[in-house]
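Following: one structure in structure tokens, then a few remarks.
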């Protein structure tokens, strides 16, 4: 498995670390699309999950891909800046990303360049703000009192 | 003959009046006793809770009308066959007449089939 | 609040005449959408030209709520995700917390979890097949499948006291041990479930009207199923041999012998039938679990009251009735997760409707939805 | 003024209102025995509503027949969480129901937002903020028996309706009604 990914780290600047259950691949955001094509060639034909984490100063995109032939899983992570966050859309590599990217756009406000149908999917169209960001404040949200 | 005939007529008239009376009673009670509170939202068309997504006044497809015409045609044929079947039971010549009648209509059906009028989708 | 319909560019039909599309709204309150999904359907006559799903009518923001609750308080939230099979979300979430915090779960708890989740699979499939049957007119089938489901709900009620939102699987084990006599009840259930499933099979799938309505509708190819991320009976119905219990084994599934049900031509008939045959396999698994049931405690000892796992992230998934249900947790060392993401199988399966429904008639849209078995609590989260 | 209001008013003026009360009793009894339900099922309570209408708990013996069409129904059973995106749809479906109509709020989410009260941005905290709710059922989800008990309790409320306009029993006045802006066209 590791030699497959070695090409990734050499020409795409990926940092690969092995965890007991999955390979974690950190990719600079501009090489994400080429890395995705590369991964699909290697055999990662299933995109399981697309999500984002608001780390305060920037966002971290987390993709989880699975390869049935190699029977192994991989996390692909990349960091994007907080101001006007955009990342290339992986719809043409794995169509499964279509709806999940729309959900990340809907809840985080991260734009996906090249997405065929970039609309909100869960919230009404005219919903102000991006709810899952840490700095999202909504007047009618009632905070739960901290008993613990 | 006279008695049975009158009895038949009475029976039919009695049935008709009973049916209409029942319907008038039910709908009349409903019209009398149900409250009226008309409002623009109440009259808006029901589309699963949403506003109407597009106006319903669109031109229907041609195939609906061809299928309807064919149905009326063969339905009329069936109606005629009923009268023939009851009236001319047991005569050989009747069989021939009915056979030619049905043959002509079968010819029409075969023509429609060949022309593809029965295909629902192109 | 209506979705603005684009300007009417005349689409030319095959006979050159402009087609005026009839736009119909199969909206949130509709018996055949199995919940609050909305499908804006563009019709040419009664043939669907375009169908785009609108979801989010049950989006409660569970992922945002989870960021302000401790790890134990999130378990009742996961019950409300896939409310037809709430044991799954419990288990997927608890596996991720255990992986994050490094908690070892005793053997007996793993066996109880597998028994409970396989029972839940039968109950969830009974709802899925019943609803799909009711949509094609076989309403009595829905009553028959609900009879089986009610028996399972009675077993759950005697186990953890609730009919639908069980809150049974907790990080580190399960909340209650099985009361005595419960295992006899379960094995009594699995004994005659095979006969009932055979009856359902002949009642619905043997019926010639069902074959006419379901066969050949919404054919999903294996490549599309994998490319669009479909999983569970939807993917297996079109020949994708991928079942997490077998191909990415977790818990004690390696000790169980069962076979993965795979359909061949990927139409609505195969998907629904795969669900029914999976119930046979689940019954087999339950019997084996009861046979090998070990003693011992049902909860990990020495578990701190307030679980505060070390900083890091973890992802784990299980094979739920709808597919691979995964939970991704990011923790920053505090007793509250920093981020929780639920990877919902029904969400990815529903994305297929816009491709599967095109070309079919409007009544077939109901069959397509029935075969995808959406549950909107899990889709909208 | 519908014909029935004039009849009701006229009957009301008869001495002692004997005829009006007897007509009311007959009308209310017949309505109470066949309250057709509009299953506004959104979340988990919908599963219990389905379980309640099937053979084990059998809603039909109370005369309650689930009809998914607002035009055919008298009671709207709100089963499940109502979100901001769903609120206009629920309000429109309530408006499209013919009079006389009642609302049963089933489950904690419709009564007060329930488990989704805190920290959510998209849940309506209680159906009575925009709908006139008549019977509240606690439970998450409530058992089918408590749902059927709600319909039996609703019959008491139905018994207080009158065909003469303007007669509202104190129990109906005491029920919380939504503020005027989202108000019921009382």
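In order of appearance the chains are A, B, C and D, and numbering begins at 1 in each one.
The rule is simple: a contact is a pair of C-beta atoms (placed from the backbone, for glycine too) under 8 Å apart; a residue touches a chain by one contact, two chains touch by 3 or more.
Keep in mind that this is a model prediction, so the values were computed, not measured.
Visitor: Would you mind naming the chains that touch chain A and likewise touch chain D?
Guide: Neighbours common to chain A and chain D are C.
Visitor: Count the touching C-beta pairs: is B-C or C-D ahead?
Guide: Top pair by contacting C-beta pairs is C-D.
Visitor: Taking each chain's centre as the mean of its CA atoms, how far is chain B from chain C in angstrom?
Guide: Here chain B and chain C have centroids separated by 45 Å.
Visitor: Suppose each chain is reduced to the average of its Cα coordinates; what separation in Å results between chain C and chain D?
Guide: 32
Visitor: From the C-alpha centre of chain A to that of chain C, how far is it in Å?
Guide: From the centre of chain A to the centre of chain C is 24 Å.
Visitor: Using the average of all C-alpha atoms in each chain as its centre, how far is it in Å between chain A and chain B?
Guide: The mean C-alpha positions of chain A and chain B differ by 59 Å.
Visitor: Please output the residue numbers of chain B that touch at least 2 other chains, ranges allowed.
Guide: In chain B, 48-51 touch at least two other chains.
Visitor: Pull out every residue in chain A that's touching 2 or more other chains.
Guide: 123-124, 131, 143-144 - these are the residues of chain A that touch more than one other chain.
Visitor: Which residues does chain D have that touch at least 2 chains other than itself?
Guide: Touching at least two other chains: 85-86, 89, 93, 118-122.
Visitor: Looking at which chains touch which, would you call it a line, ring, star, complete or other?
Guide: other
Visitor: So which chains actually touch one another? I want all the pairs, not just one.
Guide: Touching chain pairs, listed by label, come out as A-C, A-D, B-C, B-D, C-D.
Visitor: Please give the residue numbers of chain B that touch chain C in the complex, ascending.
Guide: Going through chain B, the ones touching chain C are 47-54, 56, 58-64, 121-122.
Visitor: Touching chain B in the complex: which residues of chain D?
Guide: Against chain B, the touching part of chain D is residues 2-5, 7, 23, 27, 69-71, 86, 89-90, 92-93, 95-100, 163, 185.
Visitor: Residues of chain D touching chain C in their complex?
Guide: For chain D paired with chain C, touching residues are 40-44, 46-48, 50-51, 54-56, 68, 80-81, 83, 85-86, 88-89, 93, 115-116, 118-123, 140-141, 143.
Visitor: Which residues, counting only chain C, touch chain D once they are in their complex?
Guide: On the chain C side, the touching residues are 1, 27-31, 35-36, 56-61, 64-65, 67-69, 76-77, 79-80, 83-84, 86, 127, 142-143, 146-147, 150, 153, 163-165, 376-377.
Visitor: What residues on chain B touch chain D, complex-wise?
Guide: 31-37, 39, 41-42, 44, 46, 48-51
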